[in-house]
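Report on the following structure.
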Amino acid sequence: MKYYTQVNNQDFEIDIDHEDEITVNGETYTIDFQTLAEAGLTSLLINNRSLEGAVEERGDVWEVLMLGKLYAVKVQDERSYRLAQARGVTTESGGGDVKAPMPGMIIAVPVSVGDVVQKGDKVIILESMKMENELRAPRDGVVVQVRTEPGASVEKDQLLVVISEEKGEIELEVEE
Amino acid sequence: MKYYTQVNNQDFEIDIDHEDEITVNGETYTIDFQTLAEAGLTSLLINNRSLEGAVEERGDVWEVLMLGKLYAVKVQDERSYRLAQARGVTTESGGGDVKAPMPGMIIAVPVSVGDVVQKGDKVIILESMKMENELRAPRDGVVVQVRTEPGASVEKDQLLVVISEEKGEIELEVEE
Amino acid sequence: MKREDGLLTQKFDKLLIANRGEIAMRILRACHELGIQTVAVYSDADRNAPHVRYANEAYNIGPAPARESYLVMDKLIEVAKRSGAQAIHPGYGFLAERAEFAQKCVDNDIVFVGPPARAIAIMGDKQEARQTVKAAGVPIVPGTEPGLNDEEMVAAADNIGYPLLVKAVAGGGGKGMRPVHRAEDLPDAIAAARREALAAFGDDVVYLEKMITEARHIEIQLLADSHGNTIYLGERECSLQRRHQKLIEESPSFVVDEDLRRRMGEVAVAAAEAVHYANAGTIEFLVDKDKNFYFLEMNTRLQVEHPVTELVTGIDIVQEMLRVARGRKLRFTQEDVTLKGWAIECRINAEDPYNNYLPSTGTITTVRVPTGPGVRVDTGVFPGYEITPFYDSMISKLICYGETRGEVVLRMRRALQEYRIMGVKTNIPFHQIMVESHRFLTGQFDTSFVETRFSMDEDDGETHEMEAAILAALAAHKQGLHASQIVAPGERDTSNWKWLSRWERLRR
Amino acid sequence: MKREDGLLTQKFDKLLIANRGEIAMRILRACHELGIQTVAVYSDADRNAPHVRYANEAYNIGPAPARESYLVMDKLIEVAKRSGAQAIHPGYGFLAERAEFAQKCVDNDIVFVGPPARAIAIMGDKQEARQTVKAAGVPIVPGTEPGLNDEEMVAAADNIGYPLLVKAVAGGGGKGMRPVHRAEDLPDAIAAARREALAAFGDDVVYLEKMITEARHIEIQLLADSHGNTIYLGERECSLQRRHQKLIEESPSFVVDEDLRRRMGEVAVAAAEAVHYANAGTIEFLVDKDKNFYFLEMNTRLQVEHPVTELVTGIDIVQEMLRVARGRKLRFTQEDVTLKGWAIECRINAEDPYNNYLPSTGTITTVRVPTGPGVRVDTGVFPGYEITPFYDSMISKLICYGETRGEVVLRMRRALQEYRIMGVKTNIPFHQIMVESHRFLTGQFDTSFVETRFSMDEDDGETHEMEAAILAALAAHKQGLHASQIVAPGERDTSNWKWLSRWERLRR
């Protein structure tokens, strides 16, 4: 079975047809893959290299924690991949959403609809865990929606601001 | 609901009718009982005393590990208790069985059928984990069965020797 | 013995811990090692927390917000009386530096394991603290009086010069504090500091202080008994901070030699004696590049980073706090205190270093702490523990000890690699990159290093994208195989898949 | 550098660990802290073991029985060559004291992290060892030559006097050893010792030795480099044993003063130098009640109980082993070695102290290790780990450190209480009763204490039958409630209940 994976902007085509063998971008490796009793932990021997990773499906990505580092891996089987290609959906979709990373209270909203922002600009100040936290624009673009206001209490993952890459995309983004 | 419990030869009658209250041998306590995310762990606040116990059902007893000590608790609801009383089954049944506590090889069987043994006498020498382990008579009595021989490989919990309290009990024990 | 200034010392055999998390666990352990019975308190959010399970007794004190539970003095006093606890240890944070609470304990004949109320009050008022220690001959940083209005402060700022700091009188731990580099930013900074201080401490009085640049934050740990003996237990290097939150602490410091240690120690003892201090406390200093040191503030409590001092001195500070509070004399003179080896602490927080260090809430699913030689973990979390917005985001303290700084850094590197925390994001990658960085290894850092000269992109360690992709693909494949055995292949149903994933975990 | 006697020292950056369990983890950690790449080997039973997951590379070497995997020298040499490992650390047990293996490594140009093969061979032959050290002026226990037949031994026994010990020439760790108190028991004991030695070591040659009564087992840790420098790192008190298996070790010893330590240390160094020893090793002594000490044997390897020495000396013994094997000089002279504080180790075994200490097999379901100040845990198990009859029953080593023995005993008590291991029975209750016992607290014990004067019934601590009954009833009740929501109440169906129990766990 073929899988299309993407992590940190790197793509890997992975074929899994045998229990003890894997092909990655055309190169074949001997493997021994085990899921462990501790929730989410896995052990992989690949050409006798040993790797332990914690793997959890979270939303539409697989999170892999390995040697202290966290990787978000998008995994698609052939069918999903082809469908996505046909639809023209890029893996960047949703990249303009600013969501609340935790519950809290909005202290300030330094942007308004129509503002042009650059990646890294402050768009929301959220108080939580006794600290003021700055939420920043995930990309260059135009503020197309502001869904909150100072003083509002927000839940985790609540959508606060939407930034579109170009003005023409506004409709499309909202539909998604 | 009433439960009859027995642990280390002590009996406790326990009534559980409310979530935050328990009656033990007629005395009532305020409780807050929680099962934790780690398998088998529980937390009990009883009149504000805090106890953490690991609880697992194992065979016909509940094993409770608390403050480093392991307790084997027999728990019967009213119906099972009455039935058992009616049948006259005592909690001592099976106390004459010598089973293999782990897999291994039989080194010696120092007793034969018909031997009179005292509690603590060697009845089997089993090699396992690179050590010779002595299995001892669990009570005074007469050897009524020897189900193994030197050189035999045995599995965990395999019945090796049966010791009857009195000769007359032989039939009954075997039937059980 | 009861003193005028609110110091009560007497024997006790049952103690209430007015705190939660890792520090509650730390105090519980010290009590149990001394044979003292323990009483825990918990908010509705903490019923299953380790400190509740580990204590001899536990009492609910209200809803999750600290203001309705851990900060309600009368509830704590009432639980102490009800349970028969003759002493209260406040830990750090919450009520630890509230003179009123220390006094309330004493008024109820309960030993407060800390300094006298009067000492807390003086040192808690940053301005009074500065005046008091200045009079005792302790060098201080130039700044303004408190209680000026915004306009007066703006005027005073020019005399002090930039950069400067806006600081809340009631502040601590970086809250209610703002650095200002240009005059035009001052009004906003004053407003922000007032707002934060009001929210955190109910008091919006602020003042200005000169900012010492290229400064190191170095603090001296003190121990004092109620018989007039005060000693210092060497220094802690705490320069690695972000937004005034300490991230890595170590002892000894790279830049402190025997002579500087003795001079700072003696000044710190003088500062404490100026307020008739008792129990454990810390004098924080700024040390500039010419090794001049200035009094910053006194923390009149146990500190988060106390373990590094415990490891290099061999003295259990929390046990000493309890002994001193019982009225015993210190078991050490200054000459008995020797430093051996090196210790480093990394604070492991639930936050995302790749996303502006935003706190990460959620439920911790898996925890495996590093063990083995030279590794200590002080933690209050466990699988099933929920990181909530109610309390701070610290998960644990990972502390390593060894013969030399080099050995400890390498040990920390392997301990960070061993640590497994799933369910929330953590700052372990931050620590990993930091302990590999040239500047950390060579001790070339000051308090502004993390914010101005450190980046997560500096990572020159290996990354393992391909291996991560393989693990994810194999996990997805294995989940798919299970699923196909159960449900007919077809349109992917997410809820169903999730159930199957759990079901698979169950079957293992 | 390659010596005639089988000592090869040279730089290496990749090492194979020819072991498993906690000691494999210990060595892996030391390697990673020194930047050495690691190669693990594993039997079919150990695919998921931590040492496999933690190493950089891992190779299967055969079926679960050690004789078909961990003891097969050629497989290990082959994996070392295949993986490019230039060194092998044998740990303890398995091939650690097989001169043939040490020599095979050297013949293949692989560094054996241990002494020269010749030293292993001499010290491994108990009789030759006695003769060699006797010639070097080391006091030894009276006994017979080896290789006598049963009749000759029975005749010789009368000259030695009872009680005496039957010991296997190839023995170690209590295997192939039998105490004999009366002449009539001697023939059986010889037979049993021969049988056990044959099974364990493939060699049934035994000899007799006088049994020193009321003796303490005290050993001296040595470190030697390949440049002729040998130092001692103080003593370990290992008298608490059962059937010659050590259960609790500590450093320093209650009965060793500065003078005795120096004299034993110097004798130990002389014994090691007599065989041109290199790397880490231990001289075991029996110390009688008049503080006479007798050479018992030399362990030519790292010992299980090395951590207590690490904690009181501050020296990482495993890292030193690796440095010395790379040909480096010792970084310490004898004068640099100072003891500070006290350390105690409890071996946590999967065995039932209430049932004649029978080993307990099964799968470990839950593990929560104690943490916090002064606690170190060296372990190789985890949830899902199966305790099998193939390997020994040690789960972990729990080591506590503190200023004084009293502090450490109290710390050990709380650490034992914190430890949670579910799925198999453990000897934690044994340790709990021991650390509370008057004789342990006052240091009044010898090697026969556990077997002859200690009983699990001595427990005068509290027991909590009622609380255990309540927990069990509540758990049963909760399970029943869940069950009644799913299946119609009626005849109890065990398989169904078990499923529900798991289902409940899943839903939490």
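Here the chain labels run A, B, C and D in written order, and each chain numbers its own residues starting at 1.
Everything that follows uses one rule, which is that contacts are C-beta pairs under 8 Å (C-beta built on N, C-alpha and C of every residue); 3 or more make two chains touch, one makes a residue touch a chain.
Computed from a predicted model, the values in this text were never measured in an experiment.
With centres computed as the average of Cα coordinates, no chain lies farther from subunit C than B.
Should one ask which of B-D and B-C has more C-beta pairs in contact, the pair is B-D. Separation between the centroids of subunit B and subunit D, computed from CA atoms only, is 31 Å.
Spacing of subunit A relative to subunit D, judged by their CA centroids, is 48 angstrom. For the pair subunit A and subunit B, the distance between mean C-alpha positions equals 53 Å. Listed for subunit C are residues 54, 368, 382-384, 417, 505, 508, each touching two or more other chains. Looking at subunit A, residues 36-38 sit in touch with two or more other chains. If you check the complex, the residues on subunit D that touch subunit A are 40, 47-48, 52-59, 83, 382-385. Touching subunit D in their complex are the following residues of subunit B: 1, 3, 5-8, 10, 12, 14, 16, 22, 24, 31, 33, 35-42, 44, 46, 51, 53-57, 62, 64-71, 73, 75, 77, 80, 101-104, 107, 127-136, 156.
The touching residues of subunit B, counted against subunit C in their complex, run 32, 34, 36-38, 43, 45, 48-50, 52. Per the touch definition, subunit D reaches subunit B in the complex via residues 175, 192, 195-196, 199-200, 243, 352, 355-356, 358-361, 365-366, 368, 383, 389-393, 416-417, 419-422, 425, 428-429, 432, 463-480, 492, 497-498, 501, 504-505, 508. Looking at the complex, you find that subunit C touches subunit D at residues 25-26, 29-30, 32-35, 54, 307, 310, 314-316, 318-319, 340-341, 368-369, 371-379, 382, 384, 402-403, 407, 410-411, 413-414, 417-418, 502-503, 505-506, 508.
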